[in-house]
Amino acid sequence: MSTSTNTTTSKSTATSTSTTTPTMSAYTDFSTGEPLADTKAPAGPVAERWDRRRFEAKLVNPANRRKHTVIVVGTGLAGGAAGATLAEQGYHVVQFCYSDSPRRAHSIAAQGGINAAKNYRNDGDSIHRLFYDTVKGGDFRARESNVHRLAQISVEIIDQCVAQGVPFAREYGGLLDTRSFGGVQVSRTFYARGQTGQQLLLGAYQALSRQIAAGNVEMHARTEMLDLIVVDGRARGIVARDLVTGAISAYFADAVVLASGGYGNVFYLSTNAMNSNATAVWRAHRRGAYFGNPCFTQIHPTCIPRTGDHQSKLTLMSESLRNDGRIWVPKAKGDTRPPAEIPEDERDYYLERIYPSFGNLVPRDIASRAAKNVCDEGRGVGPGGQGVYLDFADAIRRMGKEKVAEKYGNLFDMYERITAENPYEVPMRIYPAVHYTMGGLWVDYDLQTTVPGLFAIGEANFSDHGANRLGASALMQGLADGYFVLPSTINDYLARNPHATPVDDTHPEAVSVLRETRERVERLLAVDGDRTPDSFHREIGELMWEYCGMARTEAGLRKALARIPEIREEFWRRIKVPGTGAELNQSLEKANRIVDYLELAELMCLDALHRAESCGGHFREESQTPDGEAARQDEAFSYVAAWEFTGTGTAPVLHKEDLVFEYVHPTQRSYA
Amino acid sequence: MPINISRIMSWTFRDLRPYLRGMALATRTGRRPSITRTLWDSSVGKKTVMAVSGLIMLAYLVVHMLGNLKVFFGPEELNAYGHWLRHMGEPFLHSHWGLWAARIVLIVSVVAHAVSAYQLSRRDLKARPVAYAHKRRRAGYATRTMRWGGIIVGLFIVWHILDLTTLTVNERAWEGHPYQNLLATFSTWYGNTIYIVAMAAVALHVRHGFWSAAQTLGAGNARRDKTLKFLAHALALVLFAGFVSVPVGVMTGVVS
Amino acid sequence: MKLTLRVWRQQNADAPGAMVTYEVDGVSKDMSFLEMLDTLNEDLILRGEEPVAFDHDCREGICGACSLVINGDAHGPERTTTCQLHMRSFTDGDTIDVEPWRAAAFPVVKDLVVDRSAFDRIIQAGGYITAPTGSAPEAHATAVPKADADHAFEHAECIGCGACVAACPNGSAMLFTSAKVNHLNVLPQGAPERETRVLDMVATMDDEGFGGCTLTGECATACPKGIPLPSIAAMNREWLRAVRKGPRRP
């Protein structure tokens, strides 16, 4: 296994595919810039770094805080929590969300739970264990300082949420219940039935609502950020479009916080909400914020398979189903018999066969890839052969139908509502789907991007999960960033940059960003071609799923990299957006988001191409162990890839942040 | 004793007018408003007024119905009962004082009930200005008839008082002899029709109203719901049967 | 499946609207209702017409964005959100009426999109527990009886979609408001603001132009999350209690 260097990359590009365009060969011919270092994390024992950072950070006098305006984009767990907390501290917060209400952010759809090292079970959990599990789960591609801080704060999050009235599950004694989740050996996951994300989000939304009522937060719902305004090298505002009136305006602040979520929708079909998008982070990237590890995406194994071309999104079912369900496909290719007619000895319980000790409970990426493999062999079930069975017949026999219903009733109901199949009688069909993006804007320990004054929190940043995220950790990270980390670290930036010169609509920077944004919108409306926005979104999504999905190869990635500029060119020739820009125009919103997907997709493929190792959710077929497992290459790739934008279709610059492991030493995962 | 309903109504409305106007001005900041004001200014409070006044009238109806049943024991018993009503509380109270006290409570209840209902209905209609193009049957029969049923019952009360209290429209109009007057009313086809239709409206009104009042006053919960619904149905049925037994008795000749 | 759709089209809040008829062919029974509308919209775009605007986001029944009245029923014939309604609930040749939520407090923004910000303002009036970040005591400091925790959860499930208002002949928001009041008032953490919460939320609900409750029960029937009707009675109880005791204000 050799890692491709920049020179070999560009050479092979030139000879690889016939469809190569000049732009493309230029794109893969990236250069490596100055290494990047996180200068904000203090040295010293990892357990003391957060305390030390908070102590060393400068503070803003409470009386001066209301003179500072902070823009927060997004109202999910990270954004909602940050907006509320900054406002409580006395800052003037101007907040945005594209939905009609801050309560609808997609954090609401998280089901499983939230991890916290409370050790209420006395089962040996600790902050250090959560830290260890997260670094290991992320396949050693996350920063130790950040992860340790996350584990420390996890404890405070539960206290905070309980105080807000989040109705976590409780035991008969009135104390909080926990369960084990995602294959860890301790019960550290707090939950509220299958709606933990909803309950946590409503807690943050309510805290935010209180600050809106108090006049400390100026909330702009149905308003979407379209660009970032950088003045004298600092983030000073955003350009946003009022989705109802179509008005494109500039908003100014002393700091900008992006909490706009992940970019999984680049795949078209994902478990993300329909309107979740990458525009805020991508526009920030274009304005100078480096993009960290864009190829790290998580594919969740237990989603409901698609039923046809009309499919608009995928629905995830909690992976707790794998605790009792058995996954299988027919042994024979193209076996179309109904599952009940396939005798036991003609079934392949492939996870149990390949991974005898972990069986159906192997980590998400392994389960996903195995499902893809059997489907690629032609043994998939259901429409299009894109599914595997998740069978509860044994569990029902063993535990009784009632016990199964008690444990999984709501999931079974949801499955039946969507598929009209009764999982008590017919095995469920599942298939992997894009679920979460570990990559995002590169941030330092203070969650500040490479653009001073621009912060990224929650799924929008790349920080804490490394190459793979553990179950029930997304909610933890979003809330840690929003409630506790950002409100502490942003003080330091604001204190060190007092009374920045006022900027308004007339500033040349603002004028030019506003003009560019308006021109982009006008251009989208002017093309008047013959293809709908969705048709392009679907096309780029299918391409990404095929070549930058569960398993990636150099050849495939090169094919995708050759194709993307062509789609982009076709997009600007054939896109059709009806209506005008001066009204609620959902086609325009979609088209504008696709513009950014068409650039982000290219960077994801390039990142996946350059990272010639397999790690976590990133599986390069060229880098696997003899028994088909992901083979990490720590010598060559123990770094964060932070990409610097240089122009649409032109080669970005790679900045490497070396990862140092002082406490958790890299080992090869083994689940066999 | 004749009562001028319209005068009382207009007096009541005049008195309430400043309150009606002040409604929108009440704010949630500053001085704590009085309990009455809080009640009257809120849609929930006004429903409370309706519930309490409704329950008072319901209690009255039960008593009234029981009193009516005396008709089956002959003219002396009923007329004596009528006499007692006029002299309730004597010798402590002056003649008719007891009766008037009851009447005042009832009048206040009727007015409060009607005014609240009117205002709440106005608010409700305003809150849903555009109807759905696709029509479908909504809600239960009793619920949908609350407004119309209330108006029918209200009109009936006016007729009923003119007929049997003031005797203005009664064909017999023999003061102090309710039995004979009642017989006269129920000897006419229209008297029976008006009465029976009105009692049906009362029963439907009570059927939803009693349960609804319980909810408004916060007495309802999931466990108690069946009991409350049963009580509401039972009350409606008993009232209907009790009241209608009189005209039926007259028609069938049991009462003559 | 071939269907006839009659969809409410309205250019903006001030323009008049009307039901417009569309034929949709090739509808699969596995499609969700919104996916069926997606295909209609794809056709409309290619024909150079404006697609039908409707709110939607998570499409898994939890964000509360989708909000269509289908054949007179909020969220359609099944007890679920519009996004979780599938075309198998209809038959070939059906005519389906699609309308926006109708309530004075939810003005139409465009086509099937309405403005539900009144709900946000009800929450802003008191639908929270004052617990600034960092001030929280240890989570196990106060035990909450399981029955109370379950009661709170049952009401916290509300997704704020507004189906209750759309279904109510009076355009009343009592079920929505009561869900939050029940959720927070039953918890010990919510006790200090118990009176002000219910008084202020109900007052804001009235100010926003929602109708009163006549207990038709339409709201609870339409609620995709099964918020029960008795929660309204429970809120009335809380409200009367608060009126009696007086709000504890500084």
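Chains here go by letter, A, B and C, matching the order in which they are written, and residues are numbered from 1 within each.
Please note the rule applied: a residue touches a chain if its C-beta (ideal position, glycine included) is under 8 Å from a C-beta of that chain, and two chains touch if they have at least 3 such contacts.
Chain-to-protein mapping (UniProt): C = Succinate dehydrogenase/fumarate reductase iron-sulfur subunit.
Keep in mind that what you see is a predicted model, and the values were worked out from it rather than measured.
Q: Just the chain pair, please, that has the highest number of C-beta contacts.
A: A-C
Q: Measuring from the mean of all protein Cα atoms shown, which chain centre lies nearest?
A: Central chain is C.
Q: Centroid from C-alpha atoms only, then distance subunit A to subunit C, rounded to Å. What do you get?
A: The answer is 28 Å.
Q: So the centre of each chain is just the mean of its C-alpha atoms; given that, what is the distance between subunit B and subunit C in Å?
A: Spacing between the chain centres: roughly 36 Å.
Q: Roughly how many whole angstrom separate the Cα centroids of subunit A and subunit B?
A: 63
Q: Using the touch definition up top, name the residues of subunit C that touch subunit B in the complex.
A: 6, 8, 19, 69, 71-73, 97, 99, 102-105, 168-172, 199-200, 202-203, 205-206, 209-218, 228, 230, 232-241, 243-244, 246-247, 249
Q: Okay, in this complex, where on subunit A does subunit C touch?
A: Result: residues 81, 84-85, 88, 99-106, 108-109, 118, 120, 156, 158-160, 162-176, 192-193, 195, 198-199, 202, 205-207, 209-210, 212-213, 221, 244, 271, 273-276, 307-308, 310-313, 315-316, 414, 417-420, 483-484, 487, 530, 532-535, 576, 578-579, 583-584, 586-587 of subunit A touch subunit C.
Q: Using the touch definition up top, name the residues of subunit B that touch subunit C in the complex.
A: Touch list, subunit B to subunit C: 28, 32, 35, 38-39, 41-48, 120, 123-136, 138-140, 143-144, 146, 208, 211-212, 214-222, 225.
Q: Can you list the subunit C residues touching subunit A in their complex?
A: Listed in rising order, the residues of subunit C that touch subunit A are 11-12, 28, 30-32, 34-36, 38-39, 41-42, 44-46, 48-51, 53, 55-65, 78, 80, 84, 86, 88, 109-110, 113, 115-117, 119-120, 123-125, 127-140, 143-146, 149-150, 152-153, 156-157, 159-160, 183-184, 187, 189-190.
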